[in-house]
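Listed after this line are the structures, all set down as structure tokens.
The two complexes that follow have chain A in common; it is paired with chain B in the first and with chain C in the second.
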Partner chain A sequence: MPNWTYHTIDENDVLNLRALIGEEQRMLWKEQISEDYSHDELGGTSSWPELVIKPVSANEVSAVMKYAYEHSIPVTARGSGTGLVGSCVPMEHGIILDLSLMNNILELDEENLTLTVEPGVLLMDLTAFVEDHDLFYPPDPGEKSATIGGNISTNAGGMRAVKYGVTRDFVRGLEVVLPNGDIVEFGGKVVKNSSGYDLKDLIIGSEGTLGIVTKAILKLLPLPKKTISLLIPFPSLEKAIQTVPKIIKSKAIPTAIEFMQKEVIEDAEEYLGKAFPDHQSEAYLLLKFDGNSQDEIERAYAKVADLCLEEGALDVLISDTAERDESIWKARGAFLEAIKGSTTYMDEVDMVVPRSYVNDMVEYLHSIQREVGLRIKSFGHAGDGNLHAYMLKDNLSDEEWEKRLNKAMDLIYAKARELNGQVSGEHGIGYAKKMYLKESLAKDNIDLMNGIKQVFDAKNILNPHKIAQL
Partner chain B sequence: MNILVCIKQVPESNKVEVDPVTGVIKRDGAASKMNPYDLYALETAFRIQEKMGGVVDVISMGPPQAQEVIREAFAMGADHGILVSDRSFGGADVLATSYTLSQGIKSSGNYDLILCGKQTIDGDTAQVGAEIAEWLQIPSVNNVLEIKEVHDDSITISMDLPQEVEVAKISLPCLLSVDQDIFMPRLPSYVKKKATKDREIKVLSLKDMEDTDASHYGLNGSPTQVQRIFPPTSSKEKEMWDGSSAVLADQLFHKIEELKFV
Partner chain C sequence: MPNWTYHTIDENDVLNLRALIGEEQRMLWKEQISEDYSHDELGGTSSWPELVIKPVSANEVSAVMKYAYEHSIPVTARGSGTGLVGSCVPMEHGIILDLSLMNNILELDEENLTLTVEPGVLLMDLTAFVEDHDLFYPPDPGEKSATIGGNISTNAGGMRAVKYGVTRDFVRGLEVVLPNGDIVEFGGKVVKNSSGYDLKDLIIGSEGTLGIVTKAILKLLPLPKKTISLLIPFPSLEKAIQTVPKIIKSKAIPTAIEFMQKEVIEDAEEYLGKAFPDHQSEAYLLLKFDGNSQDEIERAYAKVADLCLEEGALDVLISDTAERDESIWKARGAFLEAIKGSTTYMDEVDMVVPRSYVNDMVEYLHSIQREVGLRIKSFGHAGDGNLHAYMLKDNLSDEEWEKRLNKAMDLIYAKARELNGQVSGEHGIGYAKKMYLKESLAKDNIDLMNGIKQVFDAKNILNPHKIAQL
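Let's turn to the complex of A and B:
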């Protein structure tokens, strides 16, 4: 890999860029930059930008990129900073483009069932807006204060992936600013598209390394009129997880199949200051069904409920109102924060394995705790094979933590490879996981990724040192 | 200890449509659910039952489809259900509703403890519980925050009063209206739902009451009438003020005065 050289931003650059941006308060330099911009939500990767610019239009993004391109200044895009692998951390300093002010919903096209948005729109605002119009944007990552631009850049998944798929499945078109400042459009409102390589799909999941998304056309569905969740207590985690492949095999299609353990639920209760509606068992499956009437959904879930009882479930609890859903799903949504609150520091793995191996992986995570000397908590999307495991630092010294964490990571990713899994299901690779990506993919795959990067960004100014750049 | 919980079927959505002519809430066709506050009363009953034994029964007043919320209570663990239902009970105000329920309770047996939610989310009066207790001539407490002790002949609770929390010991039988969050309500069980799907619900009509005079029930027995129900207006207009705290306080006071809040 070549040694890239970058220009360090000086006062002259700041003046020139200020002329492009106009409003002074949308540029932060040196001591004006808050510490937040040096890391993402997990904080393991840290590096400060020299300059933060908050553009309000694609033209401004383009003007900044043109300048950065001419002067070889590295540029890193950032949304809400809720990532977990350091994707938005500027490893070579330079400029952070904070896109959070580009947060307008531009158009709801009810004839084509599309929504056109700027990248800084928050997921929670987006879903509230479409649901007010009886429409539905299914991707449902736990972090609702993430931006849609961030969701696109990591191809975020979330809890409805079992039935509906992930962010990629709901992006029809993108407006992208290329590293040289050119503004291009990939895809569009069309439902089908066989017109050459799908460049839009290259941008999705590229974590800001190929271009900067300045507009997205999203696909919507009619809003299902009713949802019912089932909270299913099992006598053990093993029993719970072993039932998942059988549910999938039964051909019933819940929108979500999540698993959760008592310990994590208790952390969430403490974090939220609110009791969970059930405490009878060690492990639960949480299923969600949607449809257009209570009867239709009841018919769909009865089969799954009976199946779970045959497999040893202690009961099947029904959540059929907004209040009941909140008591369960609010806890589920708070798991990450709750676990974070239960320890001094943590790191995570977000691997995905074929669904039939979920059980093996969960059992493995549980079994290595003693061997590596770390508490490991896990919960996740049992229905799509995407497991989140959190290694907790607790009272370990930094040195000991690093040692044990690395050992745990090595073991877990090795197991994931053995089970034909992948390094990341939805959080991305960023900076923190690129070693594991290298180990899990063939050299050809890594070379192709870097080749694509070279075509888009020959000067390597967009978010360097990420994904396949080792 | 035998406990009776008063439950009501309410519209599922809070976007309730009101008939512009009669001012009555349109219930036909709208999806419905158990009044969320009643779930807290029901959970309180189960917790006391776990300690003291006895039965937890539920009573509801409404049209035949209100049996759905009684079935839901069965799925949560209730033992018996009573539906007070008769055409002549329709259109009842708070007084007639509490009278009808008290008549229904008298015809249903002897209960040591009657539990209600703090209010319903459709009528929102929070008065029916206390009025039932008046008709039954038993003590009652509203805004119950906590059950402290339960004995065969008394119950000790804490109640939320405007300025303080008061702890009181009440002799049984009595009626308590419990506050939200006293306990997290359990979820209905699919297993119990299947097991109770054919359980009989006792339906009480006018002829089953001690007082069978129709003029005491429904619209005829209601001294108050709803003139109009309308959604409150809401405004998203914002004003931003800058200034020292003394100036801002002055400005705020004049604004409140101007808006006739003081």
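Let's turn to the complex of A and C:
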């Protein structure tokens, strides 16, 4: 580990920072700090901040950063804390900037189809707001209580990536506070931009290690007038997943293609206390189509439905009412929580492979369960190659769990590399996955990342020990 | 200017490099080098290479880079040389790597909808190839004889950005030779990726200053089955352009929205020796719609046609045959060459503004012609805010031209900044626009760009003096 030294926050710092912030209740120190601030959703990475500050403006973020920069105090940004890899956990303690109060929707510009927001706006509030205006923000990660700032920091993906892409594809411009406290803009409302290096996309997915996003200009689309879902039972998971590349090759463009297994659906039924609308099969594909007319969508899905039946699907259940749709997608949305509830503790892998290799990866996950001695459950985005695999601790001792988990992780990431995959499709690297990132990339890539980190943050005060930084 | 020193290529270097390349005819030295290699399409930036090498593989590029790195010889990559800002002009002489022989289409992967290509593939060959497979590569810059490598290096945009986005949006992965000669991969065939800093997007638009692209994995879409164009005459340019934000606000999604003025259309008629299909007006909007059925497209364009008529359009001419379409789009495609042919010399501005400000900018261009004493012609992508303005030298003396051109440039870029625009929408910064980039961005942004350049290229041998590097 490099030899960084940081200043420990003392009473004098607290007084100075309070003068910058003004309102006392927006600073938490010592026993005022709740345990939540020491971890994220998954909880595998833990470290306490010395001080929590809840800024309400870019100017406050800037003032705190300038102070931290001058005094070598580490700073870690945090949104809703719904991450899974420890990105928002302050490994060197110092200050947590809790951005949840910066939750204003600043401007809807219908002539440019952009929405300008502060980073603390929750994804569910953002999508509700734009849908009220008959507009559409397509990125659709499962966790709707995440903040848009958090989504930008991990380049969150979600279900609709098959057709629409990921968070990166919907960020036109960012206001960012640099580690030295300067407030800068990358990109803007413009649709095209070839004006120098793409600093905006460098910030997206950088997990708060290069700068703190204080404003984002998002691209919107018109809201599709109609959506339809297809729930398609297959005789086996293999049959289901092997159909996906054929759907892509058929030139249909579904909005989403998910795969689901009976065992995970049952977890969701138990977690939600609600029956899933179908029980005939071990494995399902769940597809969504959207468009502006019934005709258009029907043409698209009829072709896919026929193709699935040709490939051995047992049935094609069409869901075109909001109620039915909800019962299916709610189950899908509850998978993470449901699996979490089915065991004592778990860890996850969020690898992405070329979508033609999804079946190879899922089969591999099944095959190693006995070898490593762990239950592994998986679900995911069959249409974009992004798989979520969950290793379950169950009744294992801590020691045995660590041993088996590490073995499973090593095997899975090695397999992902073999299939030309990447360590993370949408959850990021944070603290928990950085050893695997290092193994999966060439030394040049890691060196370039750390070089860029150094350019942005020479004093290494912004969220240290994350991504490529060992 | 920083104090970089480079080694001048001597006979010994030529012998050593020849040993790396093998075939003599793929190296040009001294009088073998044609004048073309000293400039790009626009010709405003001029500097000769000492040696031209035409590699046929990433390994050859790597071998040359390793040699150049060791001996501090500057290297500049070149595709078709169709750029407009001097990006491929070797300001410090040294080696030009002419990548035009690396023009193989390597793989069409229909299960992942990707196309893997070498950088020297021409855009027109690429689009023809994928369309033969009923697939679609949407980026559509006017210059079809550009290479895909050149398109990636400037993040080229084109007409279809309104609906589909730009080159960046269709690059999934890159193989890149770094200045030290190492061959690395950024991204891949994967649809999602949150695995560390986004090095792929840093390379895209970096104009050959950070690495040399030797392979690209492109994202494809199914080819829309039907396209229709609307040519819409308006009583004035102002009326035409002011209708564009209303089209966007109406939630229609045209593939392209271009504006055209009579004077530029006349240049194109003369240049092509072919009449434009309509002459009733001073100003036109040209729209394209695509989709998979006549119905779907008709629904979309009928709404827009009505809206244009409400806004004062004189007529709506529907072009749904290939012949008619060609006569319109060929004129549009010839604008740059036609304007060039109408004067002795010209220079250009490729600014991009939020699309609601296009009219302000076009009016401003008209208004300053008298003030600066120059004819200024413009056309461009009304739907995405990217305007091309051409300052014409006509019969001015060199001295007077320089003076008036600089004044016009200063005024136009100042106006673009005032409208929250950027210096370049799609042509890049290169050598010609770097002073304007510096003026348009904060010092932090420029410093970050130069810091990143230093991380990739500590010896500054790759295409020096470009983008942010004064």
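Couple of notes before you dig in:
Convention: the second predicted complex is superposed on the first by the 468 of 470 C-alpha atoms of A that agree within 3 Å, B and C clash if a C-alpha of one lies under 4 Å from a C-alpha of the other, contacts with A are read in each partner's own complex, and residues count from 1 in each chain.
Everything that follows uses one rule, which is that a residue touches a chain if its C-beta (ideal position, glycine included) is under 8 Å from a C-beta of that chain, and two chains touch if they have at least 3 such contacts.
None of the values given here were measured: they were computed from a predicted structure.
By the document's definition of touching, of the two partners only chain B reaches A:327; chain C does not.
In the overlay built on the shared chain, the residue A:102 is in contact with neither chain B nor chain C. Using the contact criterion defined above for the overlaid structures, shared-chain residue A:424 touches chain C, although it does not reach chain B. Of the two partner chains, neither chain B nor chain C is touched by A:88. In the superposition on chain A, A:216 contacts neither chain B nor chain C. Applying the stated contact rule after C-alpha superposition, one finds that A:318 touches chain B and leaves chain C untouched.
Of the two partner chains placed by superposition, only chain C is touched by A:193; chain B is not. In the overlay built on the shared chain, the residue A:276 is in contact with chain B alone; chain C does not reach it.
Considering which of chain B and chain C touches more of chain A, the answer is C.
Of all residues in chain B, those touching chain A in their complex are 12, 31, 33, 36, 39, 75, 183-191, 193.
Residues 109-113, 134-135, 154-157, 161-162, 165-166, 168-169, 178, 182, 184-186, 188-199, 201-202, 204-206, 210, 221-223, 245-246, 248-249, 251-253, 292-293, 295-296, 299, 350, 352-356, 381, 384-386, 420-429, 437, 440-442, 444-446, 448-449, 451-456, 467-468 of chain C touch chain A in their complex.
Looking at the complex, you find that chain A touches chain B at residues 226, 230-231, 274-278, 294, 305, 309, 315-321, 323-324, 327-328.
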